[in-house]
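Okay, so here's the structure we're looking at.
Order of writing sets the chain letters: A, B, C, D and E. Residues in each chain are counted from 1.
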Amino acid sequence: MKKYKLSFVTASVYALLLLMIGSWASIIIGEKASLSLLFTEKNLFYASKFFKGLLGINEESPAYLNAENWKNALDLTIETLVMSVMATGFATIAALLTVVPAARNVADGSLTLAKKWHGWLSFGVVRGGYIFSRAVPELVWAMIIIFIFKPGILPGAIALALHNFGILGKLFAEVIEDLDSRPVRNLSSSGAGRFQLFLYGVLPAALPRFLTYILYRWEVIMRTTIVVGFVGAGGLGQQFKLSMSFFHYTDITLLLFFYLLLVFAADYISEKARIFIK
Amino acid sequence: SDNGTDEGQKDTITETIKIGAIPDQNAADLNRSMEDFAKDLEEKTGLNVEYVPSVDYSALVTAFERGEIQLAWFGGLTGVQARNLVPEAEAFAQRPIDEKFKSVFIASSDVNIDGLEDLKGKSFTFGSESSTSGHLMPRYFMMEAGIDADQDLDGKPNYSGSHDKTYKLVESGAFQTGALNISVWEAAVKEGKVDESKVKVIYTTPEYYDYNWTLNKMDAETKATLKEAILSMTSEDNEIMELLQTDKFIETKNENYEAIEKVAKQLKIIK
Amino acid sequence: MDKRWLNFELHKRKILTLILLLAFMLSLFFVEWHSNLIHSGGFITAKQIAAAFFTPDLSGDILLLALESSWTTLSYAAAGMSLVIIIAFFFGIFASGILVSEGKIKRYIRPLFRGQLGIMRAIHELVWAWLFVASIGLSSFAAIFALAIPYGGILGRIFADMLEDIPREPIKALEAAGASKIQALWYGYLPMVRASITSYAMYRFECAIRSSAIMSFVGIGGLGYQIQLSLDDLHYDEVWTFVFFLIALVLIIDLWSNQLRKRLVQ
Amino acid sequence: MQEAISITQISKSYERKIALSSLSFTVNKGELVALIGPSGAGKTTLLNLLAAILPPSQGHILIDRQPLSELMDHKKRAKKIGIIRQQFDLVGELPVIHNVLAGRLSEWGIFKSILSMLVPQDKEYAVQALIRVGLTDKLYEKTSSLSGGEQQRVALARLLVQSPEIVLADEPVASLDPARAEDVLELLVKIALEENQTLIASLHSVEYARKYFDRLIALKDGEIFFDLPASSVTDDHINSLYRLKELS
Amino acid sequence: MQEAISITQISKSYERKIALSSLSFTVNKGELVALIGPSGAGKTTLLNLLAAILPPSQGHILIDRQPLSELMDHKKRAKKIGIIRQQFDLVGELPVIHNVLAGRLSEWGIFKSILSMLVPQDKEYAVQALIRVGLTDKLYEKTSSLSGGEQQRVALARLLVQSPEIVLADEPVASLDPARAEDVLELLVKIALEENQTLIASLHSVEYARKYFDRLIALKDGEIFFDLPASSVTDDHINSLYRLKELS
C-alpha cells in the first residue's frame, strides 16, 4: 500500500547505522578502548597539569612574557598567512583552467548547444584528476612534497593547493552544472560565440559562487596550514611540532594564540568580503 | 591528587609491565624485535610484559610521564626529558657503546666537503628533533664549529624523523648532507643497506653518553627483577640485541646524563 | 563617462576579484624564486615517486594490510560521524533559533550557540587530537572526540544556516494551521532540509575519512599510519598502494552520496 | 446578521513603505468576499494581517467580536481562521498525506505528531478531504512532484481537514490554466457555502471575482478604492482601478 | 505574399513523450500569429524548434525558403530570428545595459566584447531601445533587481537591438498584471508592424490573442487543433480546446 519511493534511501540509512555500530564495536572490542578508563582521577590530574603547563603556572619565564618570542611567532604567523594565500591562489588558478570541460552540461553540449567529440573524454580525465587530488589529504601530500622541495612555505602551499585543487574544481564544475541554461542559450540564439557565451553568460552568473567558494576554502586552508607544518612544511605548524617535542608548553600557548588569531581573522575577512559578492 | 597518581600506578604494575622504545629506526623491524624482547622478558621475570609502539619520541615521553609505560628504551635527550618529568625514574642499563657514543655527519659523494665548516650553504637533515645522536649532539658540535644550524645552511634544516631516513634521504640525493647515530650507520654499512659510493662520512663526533633503559617509579622488588633480567641478557636471548647491535647491557646511572642535560639547556631545548 | 557607470554596486565583484588577485601576487614575493627551491636530488626523487605510481606494490600481505588499515580508517571516521550527527543536530537547532520565538531569549541563545560552534571548528582536528592526547592520554577516544568536535562545529553551523534559509511560507502556513514550534520543526523544517543536510553530511563523512587517515599522527593506526611508515622507509610503491586504497574509500563514499542525493531531490 | 470580521483603522508599514493605510470594513458570517487591485496594492498584506501572520502597525482586528491579538493560542486560532496561499504553503518534500494531515496538528500533542510521521494518524480525515478535492490516488505521492493544479487542491484539502470558520485565500488560482482555475474556485465556494464558512480571497482576475463572489473589495495603493456588491461593479470602476499612472 | 516560415511534417519527441506530431503550416512575412492551447500542448517546443534551440526529430523547417538546418552560422541566424522567453532569458547578475547590448554580440569580435564588459560599447543602441520600451532610467540597474514587467521590457529591448526579421515570443506576458500585459503586447505588435517583422507568440489568454493578432494557431496534445483568422474563432472553438478530460 505504501508507495514511498525510498528503498535506496532507507537501505542507505540502515547501512550507515550498521556501519556506525560496527565501527564502535570494532573500536571498543578490537582496541580495548573503554570510556570509563577515560575519566579517571589520574587523567584528571594529568589534564589539569597539562593545562597548567599551557598557562605557564609555576613557570619562571613563560614564553608569552618574552618579546623575542612574540616577534618570532609574529614572523611565523605572517609566513603562515602567506602560505595560505599562495595555496588558495594556486588551487584557484588550476581549478579555473580546467573547470570548463569538467562540467557535465558542457560535456554533453546542453549548455552551449555545441557538442564536441572529445567532450566526454576530457570530462573524464579532468574529473578523475579532481578525485585523485582531493582524495589524498593535505598532510599526505605534504609528506610526499617535502621529499622534493626544500622545507619552507612553498612546499606547504603546494601540498595545500594540490588537495584544494580537486575540491575547488569539483565545486566550480557543479556551479556551472547548476547554472540556469536559459540565459546562456538565449545569448547563443542572439548570436554570441563560444567565448562571448563564457564572458556574458557563464561568468557573471557563476562568479559570485566562485568567489564564495574561494573565500570558504581559504578559511579551511587557514585552519589546515598548521597541520602541513607538522611534517616540516614551514609556518606556525613546524614550530608547534618542535615545541611539542621539547615540551615547551608556554611556547605552544603563544603559537596557538596566533593560530586562533589567524583563523578568526580569516573568518572575519571572508565574512566582510562577502559584502562584495551579494 | 598525588594519591590518585599512585593508585593508578599500582593498578598497572600489578597487571602488566608495559614497555616502549623510541621509534628511531625502521618501525617494522623495531616492532618485531620489541615484541620478541617482551616475550623473552616475560619468561625471565614471570611478569606480564606488553610492548606498546609509539608514534614519535615525545609521545613515548608523555606516556612514560603518565605511568602508561613502566620500562622504556630512551635516547639520551628523551631520557633526560622523561626523568625531569618523573624524578623517581632511574636509568639503569645501556649498551657498552652508549658510554662512548658518537654521531656521524654524512654527505652525498658528489658534494665537495671535508669538515663541519664546509656544511655552510649545503642542504642538511637531522633525524628526529628529539633525538640525541640525530639532532642534539650534532647541533651542539656544529655550534662548536661555528655553524648556526638555523642560519648558515641552505634553507632551514630538515627533521627526517629517524636515522634510517636520514641516510636514505642523503643517498637518494634529496639532501646533500645529514647527521645520524653511528651505530645505525655502521649497521647499514655492514648489511649493505647503504651504497657507499653515493654517501660518505665527513666527520665523526667526540664521545658522549646516549641510549639507556629507564625504569618508571615502581616497587623495589619488581625493579630488581627487571634490572636483573635485562643486565643478564645475552645476544642469543632475543632479537632486540641484534637490532641494537650489542651482545649485552651494562649498568649506568642518571648522573651519566648530566652533560647531555647541560647541552640541551645550552641549546634551549630544555628550559 | 556616465557617472552611474562608476557605481560601486555594479563593479564590486570585479573589485573583489582584483583584490584577491593582488593578494595572491603579493604572496608570491615572499618566496625567493631565484634560489633553487628544489632539493639537489629533488627531481630524481620526484621521478622515483612518479615511477612508483605506475608500479604500486600489489603483493598479498601489503594488500591485506591495506585492507585492514582501510577498515580502521573507515571505522574511526564512522564512529566520529555518529557523534558529529548528534552534536550537529542539537547545536544546529539551537544555533538557528527556530525553536524560540523572536525576542530576548532568541537574541542570546542564537549567538551563544553560534559562537560555541565557531570555537569548535576553529581548531583543526589534529590539534584537537593533540590536545586530547596530551591531556587524557593516548586512547581511541581521543581520536574520535578530536574528529567529532570540529566536524560537529562545521556540520552544526551548516545545519543552522540551512534551517534559517528555508522558505518561510510553508512554516507560516503550518503555524496558521495550528502547529506548535516542535510540530513545525518536525513537519516543516526537517523534511525541507533533509535532502541538503544529508548530502552535506555525506560530504563531511568523506572528509572524515581523510581526517581519520591522518590521525596516525596521534597514534591511531590506519591508512595514514601505513603511508607514513612506507614513506619513512622510502618505499614509494607501497605508499601508492595505500593511497589508492584511500582514494577508493573516498570514491565509494562520493558515489554513494551522489546516488543518495539524486534520489532525495527527485 | 452576525459579524465575522471587523477591522478598524488598520495600517501596516514596512521599513520604507506604507503597504496599508487606515483601512476599515466589516465582513459578515458566510459572506464571500473577493479582494482585487493592482500588483502591490496590499492584498497579500491584508490577508496576512487577518491570519495573524503579520502584526498590524496600527488599528484593531476583531474576529467574532474578539480582538485577534487576544487569540494568541494558535491551536485555538487555527480553528477560527485558515489561510491558503498557493502551492508555496506546502512542504514539498513530504508525501501528500502529511501535508493534508498538517490541518490536524492543532489537535495533536507532540507524541502523536511524531508518531504520525512514521504511521499516519487520523488517516480517514485526509482520505475524506482528498476525495472531496478529487485526488484520491495521490495519497503517498511526494507533494512537489504534483502539478501546480494538484498542489493547489492539496492545500485545499488541508484546509478542509482544518475546517476553520473563516477561510482566507491569497490568489488561489494564479498560474492555473482557465479550466483548472474555475474548477478550484468553484470547489472553494461550494465548500464555503456547505460549511457556512466566511471566505475572503484575493484575485487578479476581475472576471472570476464577479462570477463567484458576492462582494468585491478593491484596494489600490494601500487604500480601499471601492467596496461594492459584485453586481454593481461596472467596467468603469475596473478600468480606473487598474489604470497605469505612467504610460510608456 | 512572401513566405517567412514554412514547416512540413515536423515531429518532436522527448525520451518518453511525443511533444509534437507531424505539424505543417506556413507563415507569411509580416503576419502576426498567436499560438494558443492548454498547458503541455507543445507551444514552447514548437517555438524552440523554430529558434533552432532544439533540433526536430523529423520534418523540415524553411526560413525564407532556406532550410533552417543550413543556417548554422549563428551570427547570421541571429539576424533572421530572435526569441524572447520571459525574464528567464536575461543574465540577472549583469546590469541592464549589458543584457540589452547582448543583442549586438553577433556583430562583435572577442576584443570588443571584453572591452564592453569594462566600458559599454555601442551604447547609443541600448539607449535608443530602452527609450522605446520606456525604461530610460534603469540603464545601470542590476537586471535581477527589476520587477517582472520591467525585465520583460529589457528582453524586448534586447530584441530591438538584435532586430531580427522574425520574432518569436513564448508567453511574453505570463505573470504580468492585466494593464502591464496589454502594454507589453501592444509594444510588441507595434514594433513588429513598424519594422515589418513576422511575429509568432504563444499566449495563455485567448482574449489577448484575439485582440492583438491576425491569426490563431491552436495546439492540443502536440497537434494543430485549429488554425484560423482571429475574427473567425468562436467561443465553442475555445471551449473545446481547453476542455478537461477528467472532471473532478
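In this section, a residue touches a chain if its C-beta (ideal position, glycine included) is under 8 Å from a C-beta of that chain, and two chains touch if they have at least 3 such contacts.
Quick caveat: nothing in here was measured; it's all calculated off a predicted structure.
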Chain labels contacting chain C and also chain E: A, D
Chain pair bearing the highest count of C-beta contacts: A-C
Distance from chain D to chain C - Cα centre to Cα centre, in angstrom: 45
Chain centre separation (chain D, chain E; CA means) in Å: 35
Centroid distance [mean C-alpha coordinates] between chain E and chain A, Å: 46
Separation of chain B from chain D, taking each centre as the mean of its C-alpha atoms, in whole Å: 81
Chain D residues counted as touching two or more neighbouring chains: none
Residues of chain B whose C-beta touches two or more other chains: 66, 123, 169, 174
For chain C, residues that touch 2 or more chains besides their own: 39, 42, 45, 134, 137, 217
Interface residues, chain C side, partner chain D - complex: 167, 169-170, 172-180, 182-183, 186-188, 191-192, 194-195
Chain B residues within the chain C interface of the complex: 26-28, 54-55, 59, 62-63, 66, 68, 108, 123, 161-162, 164-165, 168-169, 172-176
Residues of chain C defined as touching chain B within the complex: 39-42, 44-45, 48, 133-134, 137-138, 216-219, 225, 229, 232-234
Residues on chain E engaged by chain C in the complex (per definition of touch): 95, 119-120, 139-140, 142
Complex contacts: residues of chain A adjacent to chain C: 5-6, 8-9, 12, 16, 19-20, 22-24, 26-28, 31, 33, 35, 37-38, 43, 46-47, 50-51, 79, 82, 85-86, 88-89, 92, 131-132, 134-137, 139-140, 143-144, 147-150, 152-154, 207-208, 211, 214, 223-224, 226-227, 230, 244, 256, 259-260, 263-264, 267, 273, 275-277
